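The chains carry the letters A, B, C, D, E and F, assigned in the order they are written, with residues numbered from 1 in each.
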Amino acid sequence: MAKNVMADLKRDHITKLLSKGMRIDGRKFDEPRPLTVEKDFVQSAEGSARVHLGDTDVVVGVKLMVGQPFGDTPNKGVLTTNAELKPLASEAFESGPPDQRSIEVARVIDRGIREGKAVDMEKLCIEPEKEVWIMFVDVHAIDYDGNLFDAGNIAAMAALKCAVVPAKRAKKGEDYPLPVSHVPISVTAVKIDGHILVDPTYDEEIVAEARLTVTSNEKGDLCAMQKGGSGSFTPDEVLKVVELSRKIGADIRSKI
Amino acid sequence: MAKNVMADLKRDHITKLLSKGMRIDGRKFDEPRPLTVEKDFVQSAEGSARVHLGDTDVVVGVKLMVGQPFGDTPNKGVLTTNAELKPLASEAFESGPPDQRSIEVARVIDRGIREGKAVDMEKLCIEPEKEVWIMFVDVHAIDYDGNLFDAGNIAAMAALKCAVVPAKRAKKGEDYPLPVSHVPISVTAVKIDGHILVDPTYDEEIVAEARLTVTSNEKGDLCAMQKGGSGSFTPDEVLKVVELSRKIGADIRSKI
Amino acid sequence: MAKNVMADLKRDHITKLLSKGMRIDGRKFDEPRPLTVEKDFVQSAEGSARVHLGDTDVVVGVKLMVGQPFGDTPNKGVLTTNAELKPLASEAFESGPPDQRSIEVARVIDRGIREGKAVDMEKLCIEPEKEVWIMFVDVHAIDYDGNLFDAGNIAAMAALKCAVVPAKRAKKGEDYPLPVSHVPISVTAVKIDGHILVDPTYDEEIVAEARLTVTSNEKGDLCAMQKGGSGSFTPDEVLKVVELSRKIGADIRSKI
Amino acid sequence: MGGTPLPDGIKLIDENGKRLDGRRPDELRPLKIEAGALKRANGSAYLEWGNNKVMAAVYGPRECHPRHMQDPTKALVQCHYNMASFSVDDRKRPGPDRRSQEISKITSEALTHVVFTEYFPKTSIDVYIEVLQANAGTRCAGLTAASVALADAGIPMRDLVASCAAGKIDDTVVLDLGKEEDNFGQADIPVGYIPRDDEIVLLQMDGDLTADQFKTGLNMAIEACKKIYDVQRDALKRKYTLPAGKTDEGGGVN
Amino acid sequence: MGGTPLPDGIKLIDENGKRLDGRRPDELRPLKIEAGALKRANGSAYLEWGNNKVMAAVYGPRECHPRHMQDPTKALVQCHYNMASFSVDDRKRPGPDRRSQEISKITSEALTHVVFTEYFPKTSIDVYIEVLQANAGTRCAGLTAASVALADAGIPMRDLVASCAAGKIDDTVVLDLGKEEDNFGQADIPVGYIPRDDEIVLLQMDGDLTADQFKTGLNMAIEACKKIYDVQRDALKRKYTLPAGKTDEGGGVN
Amino acid sequence: MGGTPLPDGIKLIDENGKRLDGRRPDELRPLKIEAGALKRANGSAYLEWGNNKVMAAVYGPRECHPRHMQDPTKALVQCHYNMASFSVDDRKRPGPDRRSQEISKITSEALTHVVFTEYFPKTSIDVYIEVLQANAGTRCAGLTAASVALADAGIPMRDLVASCAAGKIDDTVVLDLGKEEDNFGQADIPVGYIPRDDEIVLLQMDGDLTADQFKTGLNMAIEACKKIYDVQRDALKRKYTLPAGKTDEGGGVN
């Protein structure tokens, strides 16, 4: 009950400000939070990055292991993306196996990397049908103030960009940089009381009616999209978010 | 509490009728419900059937995959039977991994197929000790009005009878019909207030003291049996159910 | 609540006796309970023993299966230790997958065997990098009156000592006795109200502040140690337990 | 998207602009819906769409378990999407995988939007979607069936949700991808839509699309949803106006 | 049944009508039962039957967890059958598998019949069966031991359940299959029986039997259950009439 | 201990008594601690120790779930130690394994000793330790960081716990094993210690040690814990005396 009262008060406060064109942290509606990217944060990973997006803090580690390809892609590496939303990072997260929320975060980040052709997966083939590199992208939330989709996507792309294929350790020749071909960037917006805001904080997320993540590449083409929340968007609002995401995505891409 | 009151009223009603020789749906004690069998219901399965036994609705799909034989049967295929009793089909079922009830249903159906030698498992050997066909029989309850044992057994046998071994897809030669040698049929009876009734509805099942499933083959020989429930049968009652099951089983066999 | 009251009364009783130099079952502080060891208790195991340590009753079975070595020890067998603390043995145990308590028991026993070099693991190599013996040590609590660490360790060592490598069954040559090189023995003490007691009963365990298990070998050298409980030991108390354990361990070793 | 290159000599759209199964780019696969297909559930719907066969069942509003998930102000709409192990070529292990959990989540959210959840505080409305035969587009098929099942259960709703995907094959934006088109195509855009209010309640996309192609695809999917909406309403009308006992054959678009 | 053909030259019944271990067709393997083998449990029994070694422990009646399983009118008898990982030749993975869950279910049902559950509403009576060494017939051994453990726990019971299997080997109906007979035999019929009331509370069958053979086997198992019942009663008498402290050697049929 | 023989030509201690990374036998690896590294947690600490990177977060005291674990007389200190999948060379499967469960247990017990749990009946104090980069000694690093995080959360404590391991390499007792020393060494003795009361709250050992070597190692670890204790206190002082907003660089021993 207490929780509901608090949420109602928060919603009132946020929507009142929004009606005056203001966000609780003073940002413009189409303004993402300050971004810092620290690459190579974890030495034990083949590639890694720690990203702060406002007060959201995420560490991504990329590991590569030798394994078998899937039957329908015998000459391609395998991508596996996992998100750990653990109670370390927020009271909102619970212990235990991945819940629907962390599965959604992982799958949206995965879809960006995969459909955005971030990595040339054919160059991760060692021997067709026999051996390929299995690439694990593990997204760990450390401190959670909303928008893990974008913080995780940015950290994943930064980690991939500095990753090295550990061929020597696996006795498969010389190490070489992970072949990153494209840098798909996701931008997430929420709808609150009819307003569209990018890069929501946690407080904005919990009062938001609906959420839309759009991932685009260097050419401004779209590679992944995900709507969430029990609210709706009009077709025009969707197109507006698409435009915002392409524009802001280009800006973020230049920073990693 | 409310549940118990309802169950008591239901029991009173059912037993009162039984004492007059009547069942709630007007059937005779030794009369199974109307049966319809729709073979090849699911194209993605190697064999399938949808069966209505009264208001009980079951879909069975048979899948065949190439795999390894068990060490003690190097020249035989492998049978795996699984039953999904999901909340789609009834308020009585719960989400989650198979509980004791669905395990019992699966194992009794499995025992009928296996001990009744329904399929010539040696003909599912590809290369002894190396490769055999793994045969999955998946029983999905769709609408549950009692007696999944028999509905599932009938649907499984119908699905096996129309199944094709997908050798071509697996690059193991030409497709051929699944070698079905025998058609073991199970018939289930319950005991309520001393009366023996075949093919119980859900209401009859929940007031029943004990349950007995007997599976017999074309020759009238017995291949599997399972007593359930916290009540008892006298030896004579057991023999009576055996006779009923052989007789009714022959009738059902002619329909699939 | 009632449980807490009982625990408090028990604690008062035990500590009052201890202040007079007495334990509830009349033992001296440094006196373990009577020990009986029945080797070869289970014929289906490659080695087995049933051990009574006072009223604590434990059965250990050792099984050996052919499997693959770990990458970093290509010419050594593999040891796996598991402890089953099931409600059969005590109201204090719960059904389900191993909890932290049973994991701790298993790992402390495992560490004694492993670090104490009880078995010459190189002699469990069949073909380097390809095939080795996987040795399973399964510790089953049957009746639990405290100190499973020591009862389990003793039963495990007794079972290992009478185990035979089933090479013939696996078609890997002739059977031979499991190569047991050392007999590491653990001795556990608890601290109650400043007193150090060895081989605690269940009642002593639940009122104890802290627990220390020390495993030593024939030479009196130490191979494993584990402190448990939310209490503390002074460095001198630790050294006292070490001495007690070496002395009592030698005595127990002579009995198995 | 599969992203696998198409086997030699096969084109997803032929010189006459026809697709592998003969459809035009903006043509739906045949769709049939039967409302009230099950006896036990409070509401249900059976749907055949192309080669998909999907059953949806609704139970509730009923007491919400576990208790700590209860919302004192409204009902919880919980969707459980499941693919039968035999619904695909390679047998699927029973139980929820990550894909089906994601679909369950977004379907729950889409349905929550149309149910008057505030009428039933503390309860759960459980929606079970069982894919018996899968042939691309099962999440849209499931959402479409679930809407009808909710209405069949008599649960007060703002409107029905209709759902359909657009996609891109051979560089062309088309409607309602079939299985080969899904495997070898370039993009997929599943949409859940409420015609009455012109609102989008489910939206995903994967593949490679220009912004213009996306706009074209979104519009194409929306137009298709309007047709699907009519099939949904027909199914409900047929159930509730047929003389009792009369067999319901299921109607649809062909 | 294993269904595996018997290795060449081996017969399960020799020309003198004797079985591999020298038994006659209707002869039981040696059986010993010790009531009250454990200190912690409210009741217990240790059983050796042929080469089977089984421990049964009873806890309760006690508060039933989880609460939603409580029955306000009676106790819940919950049996947990488990095979130790080292009880069979190939190590069994710890934890319940499908077979042990099925046996737990039918054993619970059989025991429920004899316990006056209505005396202890809302409680649970938990029965733990641990198979330490397995050699065919463990479910019958477990049910037989569990009955004694329940009585040892002082739980009011209608009667004891005795349990034994009949089977078919070399086309002959025999009693109480051993391990090789189970592997290479033709049928197995585990029976749980209450002599006083002539009632069958557990019954399974698998293999291939004519109706007549089944009848013969059922009767054979019933007659054996009567003997086992005597061993059960002896075990309980011995425990409750022995001078305190005297070792209990366990009695049986040989 | 790894127990693996050292590759030829490599010595863990050279002729000058220096270790692989140049340390003396009784020398700690560089240690830096930052108190209050996280915004969301009630208390937190980030620690770099040699090549270990560990984050600790504390939530609580808060209502204890599940309820049946509540202690009506005191708070429950529950530690959850976890290694990130990328913290080691061979990717670790996410989720708790047996090793991390054991570490969680003994860390919980060590921390329980210093927290005034009786001040917060029925509550839970949850301690999350996340190892982001592992390089031997992570349980000591985790316990050391967790103590600071508890203090940062303002939870009343008897004292801080400092933790460090001694070990044996090349037959010599040394302090604070590095990764190669851990892999190829002879023994490891992790110790958790409270300087003010001269109390040991965590102690494990594995390998091969004479009683004298153990005594030497224990003393060495205790002396090191006293230095670590100073680093812990410095980290807390720095946090609580720095002007608000000033960046905290983390201090330590080098």
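The definition used in the following text is that contacts are C-beta pairs under 8 Å (C-beta built on N, C-alpha and C of every residue); 3 or more make two chains touch, one makes a residue touch a chain.
All values derive from a computational prediction rather than experimental measurement.
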Chains touching both chain B and chain C: E
Touching chain E and also chain F, the following chains: C
Chain pair among A-F, B-E or C-E whose interface repeats that of C-F, sharing over half of the contact pairs by residue number: B-E
Relative to chain A, chain with the most remote C-alpha centre: E
Between chain B and chain A, distance of the C-alpha-averaged centres to the nearest whole Å: 48
Where chain D and chain F are represented by their mean Cα positions, the distance between them in whole Å: 52
Centroid distance [mean C-alpha coordinates] between chain D and chain B, Å: 31
Chain B and chain F: spacing of chain centres that average the CA atoms, whole Å: 58
Touching two or more other chains - residue numbers and ranges from chain F: none
Residue list for chain A, restricted to those that touch at least two other chains: none
Cyclic ordering of chains (reference chain C, direction chain E): C, E, B, D, A, F
Touching residues (chain side chain D, partner chain A) in the complex: 1-4, 72-73, 98-99, 101-102, 104-106, 109-110, 112-113, 189, 194, 197-211, 214-215, 218-219, 222
Chain F to chain A touching residues, read off their complex: 38-41, 51, 53, 55, 57, 59, 80, 82, 84-91, 94-95, 126, 128, 130, 132-135
Chain C residues within the chain E interface of the complex: 41-45, 48, 55, 57, 59, 61-63, 65, 82, 84, 86-91, 95, 97, 136, 138, 140, 142-145, 169
Contact footprint of chain D on chain A as seen in their complex: 1, 4, 72-73, 98, 100-101, 103-104, 106-107, 111, 114-115, 117, 212, 220-235, 238-239, 242-243, 246
